[in-house]
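Each chain carries a letter (A, B, C and D) given by its place in the written order, and its residues are counted from 1.
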């Protein structure tokens, strides 16, 4: 069967290049267009500075960069775009594409808090795809976002606790420099140093957590009413956001029970088997001094699903309090991989035409 | 007036060498003996590998290393020892020295939880010196410890909040590699990495916080009954432990009030003016992305008091919750400098004979 | 056909664990024994601290560590040992094993300068296997060493220039911390720092270059009489030794000629196709700011041959001077992988019984 | 006596801020104007992001940034400017200032190779001030440059060998990230990595070495005709450029002689005692694994002369070859401090009016 034609927006950036790799040889999607800022139009993708350890995928090196023009993409038969654009640029073009009937899977924060746009993490809230139906009553295409890179790993690690009634979260993050994109953070600022502030990050974590775990009510999403206290802090690591996580539940639990919940947590059936879905979304660290960014950022692999699982360690229980650290790959699960998985889910449930998956 | 003769135990280690520097040209103390493990006996201190940025103090380079022998130190007229020994070695020798009438100011954890040994932070609990009187009924000398390097900065930063009734602490630390001494952590383990576990550290923070803020009751110290939840985590920085701090108070407060409490917090009169006491024990960071280890670890200086102040940043209030990050120099305020300040206080209050200060 | 039974000596160390990975699923060799220091005897390999990014190979995790006992290894039917032992320990046991008829492929420096022991780099000096025949007249087994980790990459990168008559080398190395093994270099010494001295390294580079490129004369190897001036310097990188290389040839050359020599350099026929042999031993960097350790240390792959090729960049010619930088994986090509390739070559040429390769 | 009024151009950049610190409380110079790009005009200097460990000097915090306007500076009575401008911007304004009679001491490379502009290193070539007289026949002010940050330390370390006849240099540098200014090199590019190419650096080292050691002939400078082969390589250190240096002399020497030349090398009388001149321009490392950037970058201090001395280590001799490593502070001696020393020399020799020094 023919693959679905897709484009990557912001293809020269860090997240854009991770999209390229996750879409390379993808069983369902074929990258036919790569878009960047006007200054780069016509440059072959292969000449762009590589920001992925494996370089620009060879099969895409010949693609010439295009501008961000919805008409041209529509003309080229593009059905889906994956967007790694900065938020300010994303806002206009993503909506324009959706209006033309091109479905947008975006890592940008521009539309995340829009009432009709889900922040989709398939294992958590595939029910939020109902919002997409509402979008399709207004326009021919839809926008689906993945969560912020810190929120994603945190949210996944909370999933086994959801039935127990989460009341409050207190977190401190240890975020890698790749979270700021490229060129991002100067070596002079972060070498051997910590920067205890990341502009806009803490409100994102708080609001996105509420929306991701929202229930669908009569008049739209009803955000989870958890208290969320976050310190988002930059540390001198390259890839992998670690989060010290303190959760308060509705009632007391035992370590045995919580351990079993994490250990036995399985990939939901509607997600299992998707090309980018890891065998298990949550892994338990084997050693008490894990997870570590250098060793665990690629958990979930090998191959296409490397970096798609979250690793949880140091699980402790004290009454109604559950504490642990979690680690997620901020570029894969927390960015490009999240949106690719979202697109695969949409294909499976028929929101995208083009065949079984 | 003649200076008091002191010795440094563990003089070749990281904390030991910081003791040497803080005692160099000290107005009250004169280092007359330096002790290390037997293998090094008779080696001149100047031949030891330097672990302090300024090298071994020139005036001490000629001192020959001695073994850990209480009799010899007593014979040399030593009145005080500063101990940077590992806990297991410290336990025996420190008590033996006290029994011989030599006062021990120790960075080791060996005696910290002993009911008669204070964990002294002068700004917080100089009243605990009452315990020393009880020690002196049992033996001719006394032992006073400084707190663990992470606890010290945390405890100081909580001091302005004390009158408001602290109920609970939830912290996550960002601890520098120097906290593990030398050789300490292999570059292969920590370069670009995070290790989310430090053996024994979290219980220390919990127990020491309780003891430092204890009230003196009829039958001894009554530990503060705060809940303390800590994640102690190693990051690739060299000096300066940063702590994400979440405090729950007895009742709601305002940001204005809390800001004023921190801003206006003054050095207590019984500590002010001691040679190693900074002008203010707590400084407020001037920028929202501070404190940072590279820029703020030496706060409190210049000169002898550099690294003796704690820096607090990102102050936030939400009802009864106060949140901030704090940074303290783990080698100065959190180790050697803490014990030197303790000795100065004891001199001032007359627990050590030898003159006014 | 049945695989040849092999053992890994020093299996818990850094190089030892790289041996395990390179021998895992090897088409010719089967690891049946793993040896370490006496303190670890009987410990399952799976419980050892992992020093390889991929952890201990699952299929070997059940193996119990054995002591360094030649008799036991012989009794277990071991035909080959791969040695990642420290030099002082290697000296005795490696010779004892050879005397018992077990062939030794060693990364240790203990026997490298022995007149009958080749420092074998298959692409360069497979003719030196003649020495092995002489060894076999003295004992039932033989010892073959790989070169020092810095020498290996340097020597390979010089190979295309060999026909032009090398007269003199002036090099400066940028050596990764993994070259010092584990625990190796403390983070406190090397973070953000350079250490311009590595004990014993510069004489090794000089002597080993001479021996590797030696001609076989009537009375044994006649070392290449090149002048070699080396500065061996440690930098804060993890894997991959880079070498600034300045070569003086017998006569003037052109950049075109030298570029062609490097570009067209092919794997010699007697090595090509061995399981651990990369397609080409020398790769040319694609960009002027390459090779870089982070990006190029695994050159030669994917799979079993990753890290087996040397990358050369910044090629320049000025009269009889050729200048470039080269990068080799110090743990793979410069250590474990070098010895595995040596064993494969010996199997192919019939020095080891056991089948075609 | 009144101080000479000076301005700093490019005052918000890395080198500009080092100028501010070196000129703070300077006995001869008073900073009365600070200039930056037009976008910053009128911003108080105190609001600029600090790029120096000690922050913006308090006494200058109130100064409002000015544009690069020669007329305004002349009107403000500025006699000297110190320029930390980028080369392309420096070219026009520096000449314009000189034409108006304002003397320019520049770290920019723009005018370094101009036949009438000296690359001045006072200990080496104060005789080149003769060129300044020629400049003053053409315009009312003059331009004097300091050398490139890598060249400076290298040139100083060669000075004791000068009488022996230098024929050839082969060097490999280990350059800190601060050499690229701020924001400079992204953490993502250099963390745990090496970049073996720095655009334009190697030709600068070669040409500047020739000019610095030039003799003054009938028709101007006659560059030293040394062969210079350089690999300029970026490593993950923050401050301090280390250089592996290989020197070929006219004839064979002994280690004793060379050691004595370095050890006994004194500050030339015409430079000794200048406020920014260290006691000795060249220090010998005390240990075989020194100099190291973290420990030795501030050599020459304390106080105003910290970072003004070069440290030489690992001295070796082999026939006519002398080998060593040297380390210089690229921001102080190799940039701002170099030009401040140049200005002090000009004041002493009367090229600048304003009083004795």
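Rule of thumb we're sticking to: a residue touches a chain if its C-beta (ideal position, glycine included) is under 8 Å from a C-beta of that chain, and two chains touch if they have at least 3 such contacts.
Everything quoted here is computed from the prediction, not taken from an experiment.
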| item | value |
| --- | --- |
| Intersection of contact partners for chain A and chain D | B, C |
| Fewest touching-chain hops separating chain A from chain C | 1 |
| Selected interface, A-B versus B-D, where C-beta contact pairs are more numerous | A-B |
| Centre-to-centre distance between chain C and chain B (centres being mean Cα positions), rounded to whole Å | 48 |
| Geometric centre distance via CA averages, chain B-chain A, whole Å | 43 |
| Mean-CA-position distance for chain D and chain B (Å) | 42 |
| For chain A, residues contacting two or more additional chains | 191-192, 236, 238, 294-295 |
| Touching residues on chain B, where the partner in the complex is chain D | 53, 191-192, 294-295 |
| List of chain A residues in touch with chain B within their complex | 170, 172, 174, 192-197, 229, 231, 233, 235-238, 242, 244, 246, 288-295, 313-314, 318, 321, 323, 325 |
| Chain C partner contacts - residues on chain B that touch it in the complex | 14, 51, 177-178, 182-192, 236, 238 |
